[in-house]
Structures are given as C-alpha cells and as structure tokens.
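Following this line, the structures themselves.
Next come two complexes built around subunit A: one with subunit B, the other with subunit C.
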Partner chain A sequence: MSKSVSKEKSMIIQKEMIAGLLKELGNAKETGKKVVYTFVPGNISELILAFDMLPVYPEINALQSGMRKKSEGFILDAEKLGHSEDVCTYVKCDVGMMINGNIGPSGEKIPAPDLLLLSYTGCFTFMKWFETLKRLYPNVPVALLHTPYQEGHKITPEMTKYMVKQLKEEVIPKMEQVSGNKYDEEKLKKILANSSKVEETIIKIFDTTKNRPSPIDAYFAGVYYIGPINNGFRGTPEAIDYYNELYKEIMDRVHKGLGPITPEGEMEKERFRLVVEGPPNWTHFREFWKLFYDMGAVIVASSYTKVGGVYDMGFRVNPDKPLESLADYCMNCYTNLNLEQRVELLSKCITDYHADGFLVNSIKSCNSFSAGQLMIMQQLELRLEIPVGFIESDLVDPRYFSYANIKNRLESFFQMLEQRKLILD
Partner chain B sequence: MKKYFLGIDLGSTTSKAVIINEQDEIIGRGITNTRANYMVATEIARLEAIYNARFSILKMKLDEEIKSKPEFKKYIEDIESVFQYLQFKRRLDKLIVQFDESINSTYESEKKAIIGNFVKTIFNKIGPEIKQEFIFANLGNKNQFFRDIVSERYNKEIVKLGKEYFEPMMLIYDKSITPVENELTEFDFKELIYEALEVLNEKYSYLENTNPEVSNIQFDIEMNILKGNHKQVHESIKEHITFIANMDIHIANMVGTGYGRALLPFPEKSIKSEILCHAFGAHAIFPKTKTVLDIGGQDTKAIQVDSHGLVTSFHMNDRCAAGCGRYLGYIADEFNISLNELGPLASEAKKEVTICSTCTVFAAAEIRELLNVGEERADILAGLHKSIVMRAMSLLARSGGVRNEFTFTGGVARNQAVLKYVTELVRKNYGDDLKINIHTDSIFMGALGGAMFARRSYKD
Partner chain C sequence: MEALNEIIKKCNELAFDLNFTRAKEWKKQDNSRVLVGYMPIYFPREIVHAANGLAVGILGGGDKKQIIKGDAYYQSYVCHMPRGIVELVLDNHLEDFDGFVFPSICDVIRNLSGMFQLFGKGKFVKYLDFPQNFLPEVGGEFYKSELQHILNEIKKINNIEITDESLQKSIELFNKNRKLTEEIYNIRSEFPWRITAADVYSIVRAGFVIPVEEHNEILEEVIKLLKVENGEPLDKIRVIVIGAFCEQPPLSLIKTIELAGCYIIEDDFLLGSRWIKGDMNTTKYSPLDSIVRAYLEQSTFSSSVYDVDNPKELRLLNQLKERKVDGIIFAAPSFCDPALLDHPILQKACDDNNVRYISFLYSENTGQFKVIKEQVGTFSDSIKLWA
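Let's turn to the complex of A and B:
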C-alpha cells in the first residue's frame, strides 16, 4: 500500500459544497430561506430547489454523527424517551440530536424545519420517523408523498399518475404556502436538465469499475461520491462541475492503471472484486473499510450507492416531463424495487463488473434493507454460482459493531474466494 | 523419512490436534480444554496427538496380531490407558504442590492447618481412586479433561466437609487449578512408556493372584487371557515399543484454525479459517457432502459446499449461547451432572418438555420452575436438547436449507440426544431420502481439514 495520501481536487470541491450548504442552513433564519426536512431515498430535491428552499436530510445527519462518534449518546437519549432497542438507529440518533439542541455534526446548529416532506419510499419507518418529528415540531406542516412499491415488477402509467396527482395536490401547494413562491415549472425543467447531465456522469463513474484494477471502491469511496446528489445538490451547476472533475480524476487513474485510493494510500494489488449489498457501518467506518483493503478486496458495485437513485437500468429524468420524471425517479429508488428486481440489478452488477463474490452487510435496525437479503443472497448463489458472504452490523449504534465477529467472518469469506480461485483457475 | 502433517483447531472451548500421513489417514488425535493460555492448550493437544500417533503406528505394525489375538489388542489399549494415567499423575503432583502454595498464601495459622489437612486427606483418597479407574476402568477413554476428572471427585469430597468449609475449599481449588492448567507439563515419551509397562506388569501380576469371584474388578475375556500370558505378549512387542518410542515423527507442515488461530505462532499462509477447514474435513471424509452443520462450544455454523468441496456460503450463530455447546455445559452444571451424562440421561426421556426460553441464562430459571412443577429431569433435558437443535435448524434454513448429503460435525455431535433430534428434524424438514453423515471423529473435523490443507500446500 502506497503511503502517500493526497486530497484530490474533487474531494476539496465536495468539502466546500457541503460546507457552503451547512453555512446557508446556519444562516437560514437571517436570510429567510425556508428549510425542508426530507429523506434521501426518493428525494425530490429539485422541487425543493425550485422553490428556493434548503433541504435537510436526517439520515445524513445521523450517519455523520455516527462517523464523528456522537451517535451513541444521541441514541441513549432517544431510548430514554421510550424508543426501543429495535428502532432504526438513524431515527434514534436524529431524535437524540434534536433534543440536544439540534447541533449538527459539524458543530453548527441545524435550523428547525419549516416543512416536513415525507417522501415515503419502501421504508415504513419513515412514516414513524416523521410522526416523531411532528411531535417535536407540532406547528410545522407535513407534506406526504406516498411512493407505490414496485410490487408488480414495473411502473405502470397509473402509478405515475397517482404520484403526479400527489405532487400537484399535496406537495406543491404546501411548498407554495411555506416558501411564499409560486410553482415555476420552467425553473424546475432547468434544474432537471442539470440532474440529467449528472446522472449520465454518475453512471460513467460507477462503470469504471469494469477496469482491472478497479480505479475506485464503489462502496467505501462510493458513499462519498454520491454525497453531493444525496445531500441537496441534485440539479445544481455545482454538481455538474463536481462530477465532471471526479470522472476526470478517475479516468486519469484508469489510464495510469491505478487501483482505488484508501485512507492509507493507494491499494496496489487487487485480489478480490466484490459486490456489496446493504448500508455500511458508520461508527467504525475506517476500521470496517480497512478489513477489506488490507485483504486487497475492492468493491466494484454496491446497492447502497443506489439508494438515492438507480440509473443502471436505464432510467433518466426527462426535463420535458418534470413531475412525471420526479415520480418515476422516486419509484425507481433501490428500496422501492421489489426483491426480484433487486436480484436482477445485483446480478447485472456481479456479471458486468466481474465480481468474485457477493457480500451482505445486514443492518440490525434497518428493515427496509435487511428484509429479503437472505433470499437475495441465495438466489445469487444459485443463479450465478458465486460465493456469497453474510456479516452483521448496524448503521450508527456502536454497540452492534463486533469487530472480532466481522473480522472472523470476512477472513473466512476471503479465504473461500482464494481457495476457489486456486482450485478453479 | 515418512512425512506427517498437523492440523490444530484452537476452538473457544476445546483445542484439537490431528496428525495425518501422506495418504490423508488420521494417525494421531489430541484434545484438551482451551484455557487462558492458548499456547499451552495448543501444545498439549499437539503433544497428545504425537503420542497418539506413536500408538497408532504401533497398532499398524501389529495389525495382524491385533486382528488374530485379542490379548494383543487389550494389552496395547492398556498401555495407552496407563500412559494417560501417568500423564495425569504428573499434572496431579503439580496440582498438589500448587494447592500447598495457594493455602500458604491465602490462610494463616489454624485455618491454614485445617484447610491443609482437608486437602491432604482428599488427595490421599481421590489419587488412588483415579489411578484405579484409569488402570482398571479405562477412564482415559471417557473424553474427560484433567480439570473435569479432578473437580468431579474433589467437589464430591468437599460437600462432605460441612457448609462452612465449602467456600474456602472452592477458593483454594480455583486458585490452584488455573495456574497448573496454564503451565505446560513436559513429558518424556520414552520414560513414560517404560514406566507404563512396569505398571502394567504390576497390574497383571496382581490380577494373577486375585480371585475374580471375590474381587470388585470386572474381569473381561481379554483380561482373563492376558492374566496368564502378559509377559509373553510383552516380550513379543517390546521391540516395537522401543521402535515407536525412538522414532521421529516428522511434521512436514502444519495449519492452524479455529477462533484462536491468529494467536498461533504459524506463518500467515498456515492459518486457515475454521469454516474452510470444517468443510474440507467433512468433505474429505464424506465426499458427497453438500451441507455441513457444525455445533461447537461457542458457535454454530451452517456451511454449503459445492461438488469440489469449496465453500459457497456459510452462516454462523456467534451471538447467542443458546444454540451452542456451552449451553449444554451450563445446563449440566444446573443439573449437577457431567457433560457426558447429559445425552444418555436425555435419551431416557418419555416425553419432551417444551423449553420456551431462548436464552441460556433464562433457560436455567425455566428449568427450576419445571422441576418445581414436577417435570422429570430426563424429560426436561430432552426438551433442552431439542431446543438447541431447533436453533440449528433455523440457522440451516437461513443458510439455504439442507442439501444432500448432510454432514454433522463438532463436539456436540458426540451427544447422542442431539444426534437423535438432528436426524429426526433434518429428515422431517428435508426428506427421508437424505443421507446423514456423522463420523466418530466429528469433533476433530476442523483440525483434520487443517492437516489436509497442510498436506496439500506442502512443497518439498
């Protein structure tokens, strides 16, 4: 492993973008900008931007708190309020943060919401989460956008119509009321045109893992790459610039034949290529990642990086049909796909990116990801005849990260892959 | 020179060692309880496997005699039993010294004298009893470790002393057994085997002068044959004994596995995951194995393998004790019986009492309640055994179910009641046509897999 760790230009740009947004949020009360709390999966950030409002994503705050070792205290405080051990730890971390003054992970106070935009996509907990927020902010209006699950394997015209109706009759009127601005469809179209460009670039970025060595880790670094689109920048010119720069840097690595960058420098020898299903653990993110790169394991695709939008199967926003596009975007997000669709998507990733194995990181408190993972795993094992592995941890509750257990299972998994290579090659 | 290969499985509850020859045949097995000092546990298992290998080689050399003359078989088994006793005795002597030290550092004046006397009396009583059991009743073959053999008898004695001495006598025991277990007792094979022959000579000379009608020793057919001609048998095999005592068992390569594998002083390439080793061992013995269930001391594994013996997936329960061997250990303590008695007692059950608790600790509370309401011990035990197997069934279901053939491994596979429920429930859920494999060496499967990896990765 090379020791030199230099910050890429894209990393600096992203840092500045996020810092800028946090600053804007910090000044929201002074500038009079309205604040919308909403979720990452199926987030209609373009619409929020079209009303000149600022988005806040509770899951991102929770994961940031987890990475900064603040989540445990927040979770314990939420448990004191009566949230049980089994409740999603993003929720408990978020609630704990709010009751402790809503000081965000960066140390800046996060403004209270002016609108709670509940985009419900495949995760039932979202409803309960916002019911809790409604109790914390009783005077804030709630706009509910219900996303129909892709039960029948596809999006029907009726489903799109149902969502557009909700946008027109529920979401847009509430946004107009809160922001004091009228809905401007031309403005939304322009924002969506930017989104569409970013979507193309993102696909190209995650496609670079077809190379050997893969120039990026599509899970551990991938979660950073999707930061801007999942954190309020979808549809912005900044996002276009950021992703263009990132793609340029990655292509430079491809041309030089370089492997992915890790916190300890460049990974020199790629030994295993994996597809990972499920969110990462955030409280021990570095240690978790190290367990992989120390073994020369690179993640060539992951489902979690698709949580804010799935573009692999051909979906792109169409600026000419703005509300229909937002509807289809929501219905296409990963946790809204039925289990067979998830198997198809993961199967495509394993095949397209030449993965040696498939690994599930099952999250104790995340039903929306964990339900069906065993079925997904067995289907892939039978269909593709590849080794599959299963580890367990949690999102942001450090009490459920057992380093020794995870290490033990991963070691077995990597040895499985190695033995297979030795015998079958 | 012949080459041998060693596999060490440093498990959370027991440490196992297996030695195989170049044909993958097991020629040596060693097992001990894992203790705080992993190195000592490993070394004890390894040395035991080497001693065992010498006896195996002796048996191979005398294969024809053993087959045709029962007295040869008996005589060699007897040497092994006495050999095991002599090893035990060396440790026991150390323990007695350690008891003295513990008493001196813990108690003063009168109490010191009283406790000291009690301890002396106990060891004077149990020492010869244990010797008798090793030499005449094959105690060495009962899968009991040093600690179990001593504690079983020591505990029975201290109960007789009266309540006020229970705590101090237990305290002294705890203080003394741990350092002795964590220190390696060196043995010289040659010295021990010749000493064993002398003890055997005494045994049979004694038997010659004993009337079976009035003795409490159970005379079996072989013993009766040996009684008259043990000297001839000894004469005809003594050169072989000298040979195995002097032979060099050349371990050409070794592989370590199990929970403590990272602590073994082996190079990285010689450390293998226990999943792979268990699967490999099971697949080597039963080549049509597709699903392996391994119930060990502190984890349960369900492993799926392909036709090459390569692992395709595995699931582990390493969170909850209620599905593992330790659960049985805990239950045995609750019932105040030894681990080895659990299975036979459970097999006497007339029905299975349903155990609801999914937790080891709470199951103990439930047992007390069930005893209070008049349920029979055997019936409760049957229910407990079934509950472990039910957990294993759930793990198997999570891992994709049972595919044909199914191989059951791990220390718990030695328990006949568990075996009964595994067979019953696997057949009920996955069909009567399924072939279920269980090997007498099931507990050694991980170490065997390790030894097989060692042989395959060996380069001249």
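Let's turn to the complex of A and C:
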C-alpha cells in the first residue's frame, strides 16, 4: 500500500458543494428559501431546484450520523419512544436526531421542513417514515409520489401515466403552494439537460473498472462519487464540473496503470475483483473497507451505487419530456427493479467487469434490499458458476456490526477465490 | 350447539388444509376454472370469481408446516410467513394453481413475487400495486389498469372475458359475504360468550379457500345458530388485537389471549375479508369502477396504506369506542416492518387518550405461550381492578 494520501481536486469540489448546500440550509429562514425533505431513491431533485427550494435527505443525515458515531444514541432514544429493535435503523436514527433538536451530523441545525416530499421508490419503509415525520411536523404538507414497482420487468405506459398525473395533480400544486413560485417547464427542461450530461459521465466513471487494475473502488469510494447526485445536485452546473473533473482524474489513473485510492493510500496489487450487493455499513465504514483493501480486493461494481438511479441499462432523462422523464427515472432506481431484473443487472456487472466473485452484505434492518438476496446469490451461482459470499451487518446500528464475524467470513471467501484462481490458472 | 360445533370442525379442517383440497376439487369439475392464489392482505376476489375462477388466500405455513427448505431463502431477520410460503411451493402444495397475486403491502411480499417468478410458478405472477394516491382519476385509473392486467392473464388461460353482468353477480356475492362476516363480528361484540374468537377465526378463514357461495351458506347457518343464546358471560375484558394482518397468529395464540381473561371483540387477523367497509356500489358506478371506488373510499385502515389524510390512530380510537373495548393488544409478527413502524404512532395515541394496551411479538409457528399468557393475564387483571 502506498502511503501517499492527498486530496484530489474533485474531492475539494465536492466538499465545497456540500458545504454550500449546508450554508444555504442554515440561512434558509433568512433567505426565505423553502426546505423540502425527501428521499434518495427516486429523488426528483430537478423539480425541487426548478422551484428554487432546498432539499434535505434524511437517509443521508442518518448515514452521516452513523459515520460520525452519533447514530447509536439517536437509535436508543427512538427505541425509548417505542420504536422496535427490528425496524429500519435509518428511521430510528432520524427520529432520534429530530427529538434531540435536529442538529445535523456536521453540527449545524437542520431547518424544519416546509414540505415533506414523499417519493418512496422501491421501499415501503419510506412511506412509514414520512407518516412518522408528519406526526412530528403536523402542519407541514406532504406531497406523495407513489412509484409503481417494475414487477413485470418493464415500465408500462399506465405506470408512467399514473406518475405524471400524480406530479401534475399532487406534487406540482403543493410545490407551487409552498414555494410561492409557478411551475416553469422551460426551467425544468434546462435542469434536466444538465442531468443527462451528468448521467453520461457517471456511466463512463463506473465503466472504468473494466480496466486492470481497476482505477477505482466502485463501492467504498463509489458511495462518495454518487454523493452529489444523491444529495440534490443532479441537474446543476456544479455537478457537471464535479463529474468531469472526477472522470479526468480517474482516466489519469487509468493511463498510469494505477489501482484505486484507499484511506491508506493507493492499493498496489489487485488480487480480487468483486461485485457487491447491498448497502455498506456506515458505523465502521473505514474498518469495513480495510478488510477488503488489505486483501487486495477491489469492488468493480455495486448495486448500492445505483439506488439513486440506474443508468447502465440505457436509461437517460429526456429534457423534452420532463415529467415523463422524472417518472421513468424514479421507476428505474435499483430497489424498484424486480428480483429477476436485479439478478440480470448484477449478472451483467459480473460479466462486464470481469469479477472473480460476488458478495452480499445483507443489512439486518433493510428488507427492501435483504429479502430475496439469498435467492439472488443462488441464481448467480447457478447461472455464472461464480463463487458467492455472504456477510451481515447493519446500516447505522453499531450493535449489529461484528468485526470478527465479518472478518472470518471474508477470509474464507477470499480463500475460496484464491483456490479457484489456482484451479483456473 | 352440536350443529355449531360441527360447522366449526368442518371450517377448521378447511381453513388449515395446506393442500387446498377443496379448491383443487372445485377446479377439477370444469376445465375452464382457474385457481388464483393471493397473499395478504386484501385482493378483490370478485374479479377472479367473475372470470370463472377461485381466488384462494395463501396465508403461510402456520404451525402446521415444518420449515426445512424455506429457511435457506431468508435471513433470520425476515418474518416467518414467506418461508412458510416458499416451503409450500417447494413441497408442491401449490401445483394446481394457475396464477399468483401479491398485493403491495411490504418489501418482503414484493420481493417474494420476484421469487415466484424465478421459481417459474404459475402461468402468471402479478404484484398488484395498490395505488397510494386516492383520487379516482389518478390512483383509481391506475388501479383499474392493474385489475385489468389480472383479468387479461386469466383470459389467456381460460379464454373467459368478464361481462358487467358476471361481475355484478360476483360483487353481490362478496357484498353478502362481507355483510354476513360483519354480522358475526357484531353478534360476537354483543354476546362474546356465544362463540370464541378462535372459532370465529376458523369460520372466516375457511372462506379464504372455498367458493364464496359455499362460504355464504356456512355464514348464514352460523348466524342462525348464534342468534340462540348459549353459554354465559364471563368476567373478561373486551380487547382489540391489532398488528396481525399478514402473518397469522397460531390458533393457540388466539385461544391463549381469551383464556387469559380477554374477549377479542375486534381484530385484524383476516383483514382482507373485511377490508371494504359496506357494500360496493354498483348502482352508482359500473361494476369494475365500483371495485375501484370501494378501495379508494371504503377501505379500512391498515399499516400498508398511506394514511396521512385519514390518520389511523383516530380510526383505531373510533373503533375502540364503537366496540366498547377496554384495551388494545398490539400483537405483531417479529420483524414485520409495517406493523412495527406503526406502533409508536398508535401507542402514543393510546397514551394521550388513556387507553390501556400491551404489546408482544409472535411468529406463525410460535409454540410457547406461557409468557404471553402471563402478560395478557396481568393486563386483564389490572384493567378489571381499575374498572
């Protein structure tokens, strides 16, 4: 492992973008900008931007609370209020944060919402989450955008029509009412045109893992790369600049034949290439990542980086059809794909990125991801004859991160990969 | 009493027959008949009936099916019901079924629909996405297209196109079924000593696996018998049991609650059969529209339905008043997200309104009831003491 860790320009840009958003949120009451709470999967941030409002993503607050070791206290406080041990820990972390004054992970107070935009792509817990928030903010309107599931492997015209109608009849009128601005379709089209540029660059970025060595880790570093698009910047000029810069840096690594950057510097020898399914653990993110890079394992594709949108199956927003595009974007998020589509997508990743193995990180409190993962594993093993591995942890509840257990399982998995390599060679 | 016991015995056999014998026999009598299995909670069985089919409720393996293969498909932190269903699939209990419907209630059921697709079970597998938007021209239109999709699938199998007349007839039969079921609940609310909650459960559950015409006859007979006084009132508290709308509690758990000093006056055990409140209105709307309207406007409250415009805690408190109930038992399956995520909301409403409640978890194959019995017993005693 090379020990040189210097901040890339893209990292600085991203930091400034997030800091700018936090500052705007901090000043929202003075500037009169309205604040919209919404979710990452199926986040129609372009529409929020078109109304000049500011987004807040409770899941991102929760995951950052997890990374900053604040989540456990919040979860315990929520459990004292009667929240079950068995449910999604993001919800409990968020509720705990709110009842403790809504001080965000960065230490700044997060303004209360002016609108709860419930677009709950691919997970019922989102709906329950906002039912809970509605009780905490009884006077705040809720705009619901129900995203139909891709149960039949496709998006039908009826599904799109249903979503567009909801946008027109429910979401846009509430946004107009809260923001005091009229819906401006031309403005939305321009924002979406930016989004489509960003989508193209993101595809190119995650496609660089085809190289050997892979210049990036598409899971542990990947979650940073998707930060801006998941945090409300899709469709902004800043996002275009950020992703262009990131792509340039990654291509530079490719030309130099360099492997991915880790928190301890550059990974020098790539031994295993993996595709990972499921979100990461946030409370022990660094230790978790280290278990991989210490073994020379690089993640060449992950499903988690597709929760905020799946672009590698051909989907792009079409600025000429703005509302239809937003609808299709929501319906295309990873957890809104049915199980067979998930198998197909993972299978494509394994093949395209020449993975040696497939690993599931199963999250205890996330049924949306977890229920069915064992069958996904079986299917991939059967179809591709690829070694599969399985570990368990939680998103932000540190009580469910067992370092020793995960380490043991990973060691056996890597041994299996090693042996298979010897046989294949 | 003898006659009632006979009916209950028959219903018990039907309700817990994991081979779905009666439904399969019914199908064999006519080549154009189809069997459509559906998962909890609610599904408008009327449309299948009108297309010469029988919609059969699949409620898991309960405590009757040993889980061997099903566990290999689910992590320990997923509820029990889907493993029971997978076990039924892999042991070929569902072989004669033509299709399967998975109503959109939670992520586990949703992903189970994908597993059925991967297993290649049935001629169709449909995840029925109930709208969460309740405007007729928005959510209503979408829901109609979802129902039409199922009808198209059935037509591909038996070439039967439903007509307004056939659907009208089916709606009338199910309107009657709901009315009769409600009447049994009403009698039980007034005279809870005349029949146990466990027996009501078996009678209602039998309706999930037999033709509605046969079930209506059973219900009519039961009502006739229940109108005659039998037994005597006991010193028990009146409770609502809530949270058990999907994975079903074992029958012994229902019995345990009653033996520990409660009359279960209301419950959400087999909520699908009582989901629509009142009749579907076919005089105002076309038959298919009346099914859609009934869902949008006459649905009961549930953890799987977005409720912000009609808060569920208020509806629960109303139910409590209407049924003159002394307390609430929150009984949810372990790891059931929808039920458990509602608990803080519902329990806060109870606290704010001085409503007594207890809460515990179960799974469909729970076999030990000692702790629950003690908990319920203490709950019942404390309410009696305060009263």
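Here, the second predicted complex is superposed on the first by the 425 of 425 C-alpha atoms of A that agree within 3 Å, B and C clash if a C-alpha of one lies under 4 Å from a C-alpha of the other, contacts with A are read in each partner's own complex, and residues count from 1 in each chain.
Everything below uses one rule, namely that a residue touches a chain if its C-beta (ideal position, glycine included) is under 8 Å from a C-beta of that chain, and two chains touch if they have at least 3 such contacts.
Keep in mind it's a predicted model, so treat the numbers as computed, not measured.
Novice: Where does A:30 make contact in the superposed view: on subunit B (first), on subunit C (second), on both, or on neither?
Specialist: Once the two structures are laid over each other on A, A:30 reaches no partner at all.
Novice: Contact-wise, after the overlay, does A:128 reach subunit B, subunit C, both or neither (first, second, both, neither)?
Specialist: Once the two structures are laid over each other on A, A:128 reaches subunit C alone.
Novice: Tell me which partner A:166 touches in the superposition: subunit B (first), subunit C (second), both or neither.
Specialist: Only subunit C; A:166 stays clear of subunit B.
Novice: Check the residue A:381 against both partner chains and state whether it touches subunit B (first), subunit C (second), both, or neither.
Specialist: First partner only, subunit B.
Novice: On the superposed three-chain arrangement, identify whether subunit B or subunit C touches more subunit A residues.
Specialist: Larger number of subunit A residues touched: C.
Novice: Go through the superposed model and pick first if A:186 touches only subunit B, second if only subunit C, both, or neither.
Specialist: Neither: A:186 stays clear of subunit B and subunit C.
Novice: Could you say whether A:144 touches subunit B, subunit C, both of them, or neither, answering first, second, both or neither?
Specialist: After superposing on A, A:144 lies in contact with subunit C but is clear of subunit B.
Novice: So which bits of subunit A does subunit B touch that subunit C touches too?
Specialist: Shared contact residues on subunit A: 374.
Novice: Okay, in this complex, where on subunit A does subunit C touch?
Specialist: Contacts found on subunit A: 81-84, 86-88, 91, 118, 123-125, 127-132, 134-135, 142, 144, 146, 148-149, 151-152, 156, 158-159, 161-162, 165-166, 169-170, 338-340, 342-343, 362, 364-365, 367-368, 370-375, 379, 392.
Novice: What does subunit B use to touch subunit A in their complex?
Specialist: My answer: residues 259, 272-276, 304, 306, 308, 310-316, 318-319, 398, 400.
Novice: Subunit B touches which residues of subunit A in the complex?
Specialist: 374, 377-378, 381, 385-390, 405, 408-409, 411-412, 415-416, 419-420, 423-424
Novice: List the residues on subunit C that touch subunit A in their complex, please.
Specialist: 72-75, 77-78, 82, 104-108, 110-115, 117-118, 126-127, 129, 131-133, 135, 137-139, 141-142, 145, 303-304, 306-308, 334-338, 340-345, 347-348, 361
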